[in-house]
Amino acid sequence: MIVVMKTNCNEEAIEHILTFLHNHGLSGHPSRGVERTIIGVLGAVGPTGTPGSIGGINPSLGETLESLPCVESVLRVSKPYKLASREFHPEDTIVEVPVPCVSEGVVRIGDRDVVMMAGPCTVETEKQLMTTAHAVRKAGAVILRGGAFKPSTSPYGFRGLGEEGLKLLAKARAEFGLAVITEVMTPSDVPMVCDYADILQIGTRNMQNYMLLDEVGRTEKPVLLKRGMSSTIEEWLLAAEYVLAGGNRNVMLCERGIRTYEKMTRNTMDISAIPLIERLSHLPIISDPTQGTGSRDLVMPMSLASIAAGTDGLLVEVHPNPDEALKDGAQSLTFEQFKSLMPRVLAVAKSLGRDLSTPSLRERPHWASSFPTAQCV
Amino acid sequence: MIVVMKTNCNEEAIEHILTFLHNHGLSGHPSRGVERTIIGVLGAVGPTGTPGSIGGINPSLGETLESLPCVESVLRVSKPYKLASREFHPEDTIVEVPVPCVSEGVVRIGDRDVVMMAGPCTVETEKQLMTTAHAVRKAGAVILRGGAFKPSTSPYGFRGLGEEGLKLLAKARAEFGLAVITEVMTPSDVPMVCDYADILQIGTRNMQNYMLLDEVGRTEKPVLLKRGMSSTIEEWLLAAEYVLAGGNRNVMLCERGIRTYEKMTRNTMDISAIPLIERLSHLPIISDPTQGTGSRDLVMPMSLASIAAGTDGLLVEVHPNPDEALKDGAQSLTFEQFKSLMPRVLAVAKSLGRDLSTPSLRERPHWASSFPTAQCV
Amino acid sequence: MIVVMKTNCNEEAIEHILTFLHNHGLSGHPSRGVERTIIGVLGAVGPTGTPGSIGGINPSLGETLESLPCVESVLRVSKPYKLASREFHPEDTIVEVPVPCVSEGVVRIGDRDVVMMAGPCTVETEKQLMTTAHAVRKAGAVILRGGAFKPSTSPYGFRGLGEEGLKLLAKARAEFGLAVITEVMTPSDVPMVCDYADILQIGTRNMQNYMLLDEVGRTEKPVLLKRGMSSTIEEWLLAAEYVLAGGNRNVMLCERGIRTYEKMTRNTMDISAIPLIERLSHLPIISDPTQGTGSRDLVMPMSLASIAAGTDGLLVEVHPNPDEALKDGAQSLTFEQFKSLMPRVLAVAKSLGRDLSTPSLRERPHWASSFPTAQCV
Amino acid sequence: MIVVMKTNCNEEAIEHILTFLHNHGLSGHPSRGVERTIIGVLGAVGPTGTPGSIGGINPSLGETLESLPCVESVLRVSKPYKLASREFHPEDTIVEVPVPCVSEGVVRIGDRDVVMMAGPCTVETEKQLMTTAHAVRKAGAVILRGGAFKPSTSPYGFRGLGEEGLKLLAKARAEFGLAVITEVMTPSDVPMVCDYADILQIGTRNMQNYMLLDEVGRTEKPVLLKRGMSSTIEEWLLAAEYVLAGGNRNVMLCERGIRTYEKMTRNTMDISAIPLIERLSHLPIISDPTQGTGSRDLVMPMSLASIAAGTDGLLVEVHPNPDEALKDGAQSLTFEQFKSLMPRVLAVAKSLGRDLSTPSLRERPHWASSFPTAQCV
């Protein structure tokens, strides 16, 4: 931190600040300029995780300092997150997710290959889920998305099938060899969702649900942390820091659009967050063009733009019959549309020296044999 | 709902929409214009609370309709909330809170008198809380605020004393006859917080924590629902609808600033939300100029502006020594500042024909004179 | 400016920065900390107005510095505006506007008394303007607003009567003794508008029309500078700095709402800008609750809130028959509504020790005698 | 337009609306539902360009209607722009710009090939401009950008060389065979800038400078209209409509980032605007990743994302020595960076079946080999 004093403040005021800093376990180093004095603040850099401290500095101390007499402003130098930062952890984090249908049995998110996650917004029926799982796997996705617990803006909206939905997801995994990502909404549901899912999704409305972050931090499950709909990149990384500080290092971030004044799209997708996260953090970054735009017609161009900007994966809503969907049908791709998206995703990825994680074509997909109509490639 | 068809769409397309509506239990009434056809949609207006319906209409149906071929746009006519609306409930809701130190023993929020809620951001120590309770009561507040569970943007920030803090709040209530408002952050804490508090506060980050809303909806405690930091007024009323639909009718709304591009204040306080809520809803509206601005110097003018705009109460942070506060010191008023705020609040209220709810002056305030050992009247 | 170096950068990198600063006529003063070095930057503080400099420092130099190797960030210490700042000019600026109908013949904006400016959005007809001038004067306004040149979002919208409208405004001034405020939209119109108006209004879309700011800066007419619809307070003060730097010291600022994600109001009125401007600048601040909300019903509460927050004046749209207005009728008050607003404005002003500038009751309003139906009180 | 009446309003109220519509030259067609009546509004669809009308309907009429008694809301059906809409003009507009250095002598913007526009933010010196023109041409750009008139947030910032800068641009065009794009800031400068430039740029701050739009609408020069920094897509298309309505059909739109709460980038680049404009309008869309992010490091990923999303061209800032730039150095690419950007741009374009417009390789580029004395082919 740097404390900038007002012009013409006297030595007494400077001493007052130095004493204040001392009382908070910090040391101040004044530089006296012609016009004004600035005070560099140094703290005892202790281990992260000390309650009330970050590198020894209480995060709200700056605001208090700023309210002291003779202080013009307080400038923060250090980033408030540490475990999530590339400075602290220069190598990329690669999150490994077990996926039966790929030849290695595992998908590495954050590595060279782009990973496709697709499926319905919400699990509605067995048939809806199974046909979708089949379709997206056939088109090249390796992870199946689907909500069992759904946040609904209205109390009268559909809120998901609950555990029944989780069971259907587990069944689809067994049948098609896809990994499963699904949302968990409240701390007490974490153990149950962990039992069924391969990746825990934290939704945009829960990005700052700290008790939920604490809870998933106590597991080892991969976590996909969606950006809050109006959160800054710094707040988002701080939310990731909660999970990391809890001990779970398998964290992925997901850009899903932010709230702006523009209403022609549901959200404004912040594509620049993709390269920014890559620079600031070692964590994988996923892109959700479905929620990011709210419009089926924009999913294709925004998927391709995300790939071009360097995303590690895409999360796309697909539904067998979007017009009949219980939730968010208007933004879901049809099977046909998803199928036509995939070669373009691959083309752009390849043009930049990347590739796609895809279901293996070499092995017989025995895990798919029991599903009646499913013909696995 | 009104479905606007594209120009020059044929009868077949119109029939397709009518069939779609019929399949969803709705009826469509087309008006064929020269340029285009519009279709009015009517639903079987059933009892609120039917899963998946509001007045019989699935809230996400509109988006699905919008994605059908030949549909230009879908226009929503009805408000998506009902129990929270003034249309449905024309008379003001008045939330009664038991407050020992007022002569009637109860404060009526949403009625003629402005209600002052004040206290520290966070409960830190017994002394801090007791001296603050004393000071704010003496100055004229009737409700004591103070956080025992605190959301902190950083995992390394101070997160409150927990139940210990609740006990101190209960002690302050016993000593000073003030009602107590404090935040509850997660569903499993609701019973415990109910045991100690008179008003449950739902913080801005939890405005769409639906399981928490469900849980407080199952109690009868007064609830103060803060506006989400980037929530629209409609989303805010829908969040209130969750609590109301759960059976708890004692809901108050609290404007606390919204996130905008302007960074000179922490948030941009949306004063116009105060008269808007008054027009749209019967629920009381409280104003939080402390969080709304993040700056101590702005608390006074924004308190007065809130009163002039018609707020039912103010929620103000006060701290015995803001420079030493563990959290948000920079925005808290000193005792002296709070004391000088009160006569101005009263003056503006009176200029508009209102008054302040105040601790009774008719009885000897022995609990004030003999702090810290006094017993509440 | 303060340059924060990256951790562990070597002396060579620091020397590079010092040389860079030297080459730009500045001197750098490094403080070497344990973790990192920070460099205070001092410039030859020269006269304001030197091309490319502010106090000797090129405003975009900071961004360039930030892109140099080994630089973590660059922190700006000084405010980028000077003539508009209270630091530079501690006493309030009071803008004097000649107003025949007040007893002193002049209204002082920025002083104790609140000043009411009212009139139609757009000058439409002589009758419309004269009846409105009469009505607002009778209710207590001293300045007549009315647009002769109107920005219209659509090229097909009404764009005002032009000079014909200015002539009608001058006529209304002659008849009712009110001063006249009207918008000027382009540099070449400034001389003509100056001939007719007492206050030049710069609209929200032109806040950063620098050539227009230059041009009005060359006059001595009072200027009301509306905040750009998404401008920061700093950009707004920098726009005022343009006019002041041109030599015109009669500048007033006008808060008129900012663009946010909330769409229930046309703009979100930033009431906190009123006390903020008071603190940062010596210039008067006016509040426009009509444009600020876009809704007639919100004009009253937001007017009162503005007064309570300390505004120096209000700019309110009034129309004889809002339903028939060519522009922005939905937000204009009727005569009756304006009349009922005034006593409340006065009550709130008085409750805070202020008063209203009002038309004199002591003199015979000879200037009103020639207008057929006008009876001046 | 559709007028939605309040529930339970009587026939008299409906008649009142019908009369109101009739008085404004419109006809109303009521549909009486069980709960409420809705009224479809039809106007005499006349030629565009009639003052005060769009298809016969005054654009502000809706707001006035909304304020009438018994009206719940007014829903707009038609787009308020016409000449800019794809509905009215289904085929793509292709803007042809004469470019000596390409083999056909003309570049077609809006067609299959992506067009690169590059150069310094601001023209500073002959040497700076000529070396940059040389470098960007060599790397594959066909249009040279450079500001002679620069908007500067501060009155003390550098505001460009004026006509001297235009002359240098013309010289660079003569030397290197590149077309020239440069900003025009005020109506009176339009003739002068037309004399030197091939494309007139309207900057973000002037997107709603209607008199400037009128003026460039009276020319036939290609116009690049930057999106206002907080303008909606609809307002942007309405600004284009001004130019088109003036008679100039050579209009291109340019996405350059919008203002949001996120401050880690200067603006939030709205990549989704690219496919949205493609759908809504026939006009070419250009992308400016330099202004869109304000950060050199983000120019590459956002350029590629723009191509993947379908942009017709890129506008990129390049400077021989960004650290010494008078303006916006921190965001400009070096020659080396621009050179390394080009093959990636080409790779992504090709992966999606597109190509780049490039300087001809069939002719001997003597003007490149012999800089600075060479003559353009």
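Labels for the chains are A, B, C and D, by order of writing; each one numbers its residues from 1.
Note that in this section a contact is a pair of C-beta atoms (placed from the backbone, for glycine too) under 8 Å apart; a residue touches a chain by one contact, two chains touch by 3 or more.
Because the structure is predicted, anything quoted here is derived from the model rather than measured.
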{"item": "A-D or C-D, whichever has more C-beta pairs in contact", "value": "C-D"}
{"item": "Centroid-based (C-alpha) most distant chain relative to chain B", "value": "D"}
{"item": "Centroid distance [mean C-alpha coordinates] between chain D and chain B, Å", "value": "42"}
{"item": "Distance from the mean Cα position of chain D to that of chain A, given in whole angstrom", "value": "33"}
{"item": "Euclidean distance of C-alpha centroids - chain C vs chain D, Å", "value": "29"}
{"item": "Residues of chain B engaged with two or more neighbouring chains", "value": "230, 259-261, 263"}
{"item": "For the chain C and chain D complex, residues of the former touching the latter", "value": "20, 48-54, 58-60, 63-64, 66-68, 80-81, 151-159, 185-188, 205-206, 208-213, 229-230, 235, 238, 241-242, 245-246, 259, 294, 296, 322-331"}
{"item": "Contact set on chain D toward chain B in their complex", "value": "2, 4, 7, 29, 31, 33-36, 38, 40, 42, 45, 72-73, 75, 77, 87, 230, 259-261, 263"}
{"item": "Chain B partner contacts - residues on chain C that touch it in the complex", "value": "230, 232-234, 258, 260-265, 268-272, 274-276, 279, 292-293, 297-298, 301-302, 304-310, 344, 347-348, 350-352"}
